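Take a look at the following structure, please.
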Amino acid sequence: MISEVHDSPTHPGRVSDTPPDGSPTHVPLAQKWTTHKAESKLINPANRRKYTVIVVGSGLAGAAAAATLSEQGYNVKCFCYQDSPRRAHSIAAQGGINAAKNYQNDGDSVHRLFYDTIKGGDFRARESNVHRLAEVSVQIIDQCVAQGVPFAREYGGLLANRSFGGTQVSRTFYAAGQTGQQLLLGAYAALNKEIHQGLVKMYSRTEMLDLVVVDGHAKGIVVRDMVTGKISTHAGDAVLLCTGGYGNVFYLSTNAKGCNVTATWRAHKRGAWFANPCYTQIHPTCIPVSGDYQSKLTLMSESLRNDGRCWVPKRKEDCGKPPASIPEEDRDYYLERKYPSFGNLAPRDIASRAAKEQCDDGRGVGPGGLGVYLDFADAIKRLSEGKIRERYGNLFEMYEQITGENAYKQPMRIYPAVHYTMGGLWVDYNLMSNIPGLHVLGEANFSDHGANRLGASALMQGLADGYFIIPATLPNYLAGQKPGQFTSEGPEFRAAEESARERTRRLLSINGNRSVASFHRELGLLIWDKCGMARTREGLAEALKKIPDLREQFWKNVRVPGSGDSFNQELEMAGRVADFLEFGELLCLDAHTRDESCGGHFRMEHQVEGEADRDDANFSYVSAWEYTGDPGKSKLRKEWLDYEVVHFSTRSYK
Amino acid sequence: MSPIVQSLCRFYHSSIGKKIIVAVTGLGLMGFILGHLLGNLQIFLGPDTINTYAKKLHDLGLLLWVVRLGLLAMVAAHIVFTIQLTRENRTARKQKYALDGTRKATKASVIMIWSGVTILVFIIYHLMHFTITRTNGYYDPAVSRYWLPDGSHNVYNMMIDGFRVWYVSAFYILGMFLLCSHLSHGFASVFQTLGLATPRLRRPIHVASLIFAWGVFAGNVSIPLAILSGLKS
Amino acid sequence: MAVSQSSLNLTLKIWRQAGPDQPGRFDTHEAKGIPDSASFLEMLDIVNEGIITKGGDPVVFDHDCREGICGTCSMVINGMPHGPKRGVTTCQLHMRSFRNGDTIWIEPWRAKAFPVIRDLAVDRNAFERIQQAGGYITVRTGSAPEANSVPVPKDDADASFAAAACIGCGACVAACPNASAMLFTAAKLSHFNLLPQGKPEADKRTLAMVRTMDEQGFGNCTNHYECEAYCPKLISVETIRQMNRDYRNASARETAGV
């Protein structure tokens, strides 16, 4: 396992206790990726077949990586818990994908996308990774178009763009409100092409339960066939985790019900560092909660803020009135008031907190006063209802399905919800974790979004990692490995498999009287309350005390019906919730330790006029947590962030 | 197997290939139905017209047999491939749903196989009645009202006498109704299956389908009705 | 503006089946006090929670995103795939579409090509095989030309998108009286065949996907158009017309060797 200590060049006296990220240090930022590719190791095409790469997850990052590595000649095994790789949750992304194409001639460039992303991330992301992301963004669009992704187009047949929060250029490519599905179908098609040729072996309805580490290297995984219940191991020369984020630790989030932290958490327990878990993104435009039976939250694309105006009544007593009866002068268009230059397009964290602020002030609307209006009346007047329908028709329909309200006639009600998690396993410039051979891609890693992700950047990152970065960087690891060195018969494999089996047996034998979901809901509520949009030292301390108790109760009193050798959805959920109950504690510990506000991490103690008050001198580091046997006593390692090109500034969107 | 034969076999075995064969034969049969109707309607122009027309058809000789065999082949192919498709469709869903949720399918489309089978029975009866068998003594040289002086059939009188029997007319009308049902779905289906029913054409094709089906019904049924009501004698 | 909330008492007739080769039957479950703003799946969550606390086996059903895009949820409600509302998946169906006292019949997709795994969950791998046979444009990562080098007429891009909106849920198969997969296959074909990028492989793709579809045990399209009426993404049978045309032409060209 890598464990080096090095001085931080831009933070005198600060020492990083993580290894250097591995990007070339002898060239300027803009040349790092080109140089790194040129200096990377290669594997002879004839030898690639001898290497088996295990890809866990089949979303944008996983499907793109599996397909591309297979095209290059590696032997690929790909795993997903869904019944089809096409159902991975990347499918649900609506708004779009950023790329520095500058087709709009509005001053965009790779540097500007890089800068916007660093600034949007509140100066808590790595310069080298982010610059590479901006460079690669351009190729992604080319690749997707060639695959047949039906992006929106102008009448002349060329690609259309829209603008998105946190930027002042139009660089977002989109396919109505279904960009995620269309991009995933592209990657899925590429994957199918390889499956058809027998080059990728696909395992669907198969869940990863553990990572197998041999001599300090990631060499395999333990999986459970969710239909038959069979637990088995797979050996490979490298393991790629593309397993998405951990937003479901909040129980209610915009994630799919099946999204979970198990793969990354299990890898963490095998030694991989978990970085920045407290950076969670709250999306401002979700449909408000309507009752305690609610199982998930539904997001509506942030692109709605291009034409919708956020407001609440100026007076508390107006909150119960029909919105149409509140005259213009009694409405508070709070985003336009507070952030005149970005207005309704203020970045996600800012827009979310602003909504919370209005509701905390007692001026929220809808059930429980937890909602603000997003009003399209002006846009309809300006553009016509038809034009709005063309742009957002599916979102308006979805809103009506859920709420029973027609948003063409009355304003939508929205409220922030957990949407994306910027934290994830720590990786270096090669996307390799501190466990050699274990690579982490997409939302599952921590690398590109800092403390807050800009809209339309998640799709960009997933595809960048899968199509362009890992295929170039993986050989840096594989070249040093003798292919097929370990088989699943080895003692480490047997031991990992047996421990997964034992855990399943234990879950089934508790036979208590509370459902898995009830524990999950309780955990989620606690974390949303104490570690959600606004966090305090006391609240976090309380959560850190309560979570281990809840975990203990879970292991004493959960009821998991059925058996282990059949299709058992409660058992699947139980395993995932058990991991959330451990991970939740680390999330709160990280939030407690990070005694500043930045991006999606807002500590009430650290604010200036309601805005996040960063403490660059003491906290401009990545917190990489090492598992010690107890999540509450994890060891903190710091990777100080060295900014060579960008200068710290207060993130202002006023 | 030569690549050509192989491609053709794959076409015949494929779902769409079979559907196309059913559509093409259906189209041919619809042409026949239209021709047959126009021929029969000449009854309203008087005995001489229809009898002359019938004689002309008969005098085609070999060509008539080519047409007859062609029709027979089309009917056979239409039936064989339909039965194959239907059997596959039946096995594709063994367990039925508890409740019926039909939202768009018309009754005509759902009963295609049954309207088709009834039409087949009707055709057999119809052929036995007018072309093959000797009911009513149509082919008895002694019954002079069924013969013209030149030795050809007096089709006019054959039709009048045939349809005067109420149950013959009733079965005929039932047969025509099911043919109408069959055509109302079949006509539009042909264009969809052959890939011709573009979104812009779909509506006109649907309307044409109804006009054709009901036109065939009205035209054919007008004859027994006219005879039964004594308008034609 | 308060949202009106009332609650429903319902009788559920739910298909229970232990495995693919086991016999199945309808079991009766009472669902009490279901909020009308709950989604259909949340109603089942509530019922399952009750079953679990009573020591029973919860009803197995497939679901994931619960926002109508992943295509996982799949149940026939009162004979209607995805239930009574048009253009939505089961997860987007809300209980306000039902009335207090209703009896609701809940079944899995029924098709030979979609064997039941357990209760309401079915195996849709037949769809995977159809797509693997040719549902792609062969392009190697890194070899793509500049994105704007090939203009795509907006109408073609829009039509391709409309077909690509298919979420692969299988409601078309469930709704078709013949359990035919033609709307699904046609949607996948139209997505690629309509774009200039998809043209070079169009014949090969069409033949391969239709033939693979035929091998799965689906029925044949007889133009009832129930698929279109139940598609949660409102995919048009126009795609089937295009597939019929493309297959006809591709077969002719294959036979003639051009």
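By written order: A, B and C. Residues from 1 in each chain.
To be clear about the criterion, a contact is a pair of C-beta atoms (placed from the backbone, for glycine too) under 8 Å apart; a residue touches a chain by one contact, two chains touch by 3 or more.
The model shown is predicted, which means the values in this text are computed figures rather than measured ones.
A.B. asks: Find me the chain with the mean Cα position closest to the mean of all the protein Cα atoms on display.
C.D. replies: Located nearest the centre of all protein C-alpha atoms is chain C.
A.B. asks: For the chain pairs B-C and A-C, which is connected through the larger number of C-beta pairs in contact?
C.D. replies: Between B-C and A-C, contacts are more numerous in A-C.
A.B. asks: Distance between chain A and chain B based on Cα centroids, please, to the nearest Å.
C.D. replies: Each chain reduced to its C-alpha mean, chain A and chain B end up 64 Å apart.
A.B. asks: When the centre of a chain is set as the mean of its C-alpha atoms, what distance in Å lies between chain A and chain C?
C.D. replies: Here the centre of chain C sits 27 Å away from the centre of chain A.
A.B. asks: If you average the Cα atoms of chain B and of chain C to get two centres, how far apart are those centres in Å?
C.D. replies: Distance between chain centres, rounded to whole Å: 38 Å.
A.B. asks: Per the contact definition, I'd like the list of chain C residues that touch chain A in the complex.
C.D. replies: 1-3, 5, 19, 35, 37-39, 41-42, 45-46, 49, 52-53, 55-58, 60, 62-72, 85, 87-88, 92-94, 96, 117-118, 121, 123-125, 127-128, 131-148, 150-154, 157-158, 160-161, 164-165, 167-168, 191-192, 195, 197-198
A.B. asks: Across the complex, what residues on chain C touch chain B?
C.D. replies: 13, 24, 26, 76, 78-81, 105, 107, 110-113, 175, 177-180, 182, 207, 210-211, 213-214, 217-226, 228-230, 236-238, 240-248, 251, 254-255, 257
A.B. asks: Can you list the residues on chain A that touch chain C in the complex?
C.D. replies: Listed in rising order, the residues of chain A that touch chain C are 64, 67-68, 71, 82-84, 86-87, 89, 91-92, 101, 103, 139, 141-148, 150-159, 175-176, 178, 180-182, 185, 188-190, 192-193, 195-196, 202, 204, 227, 254, 256-258, 290-291, 293-296, 298-299, 320-323, 365-367, 397-398, 401-404, 413, 467-468, 471, 513, 515, 517-518, 559, 561-562, 566-567, 569-570.
A.B. asks: Which residues of chain B touch chain C once you look at their complex with the stated criterion?
C.D. replies: Going through chain B, the ones touching chain C are 3-4, 7-8, 10-11, 13-20, 85, 88-106, 109-110, 112, 185, 188-189, 192-199, 202.
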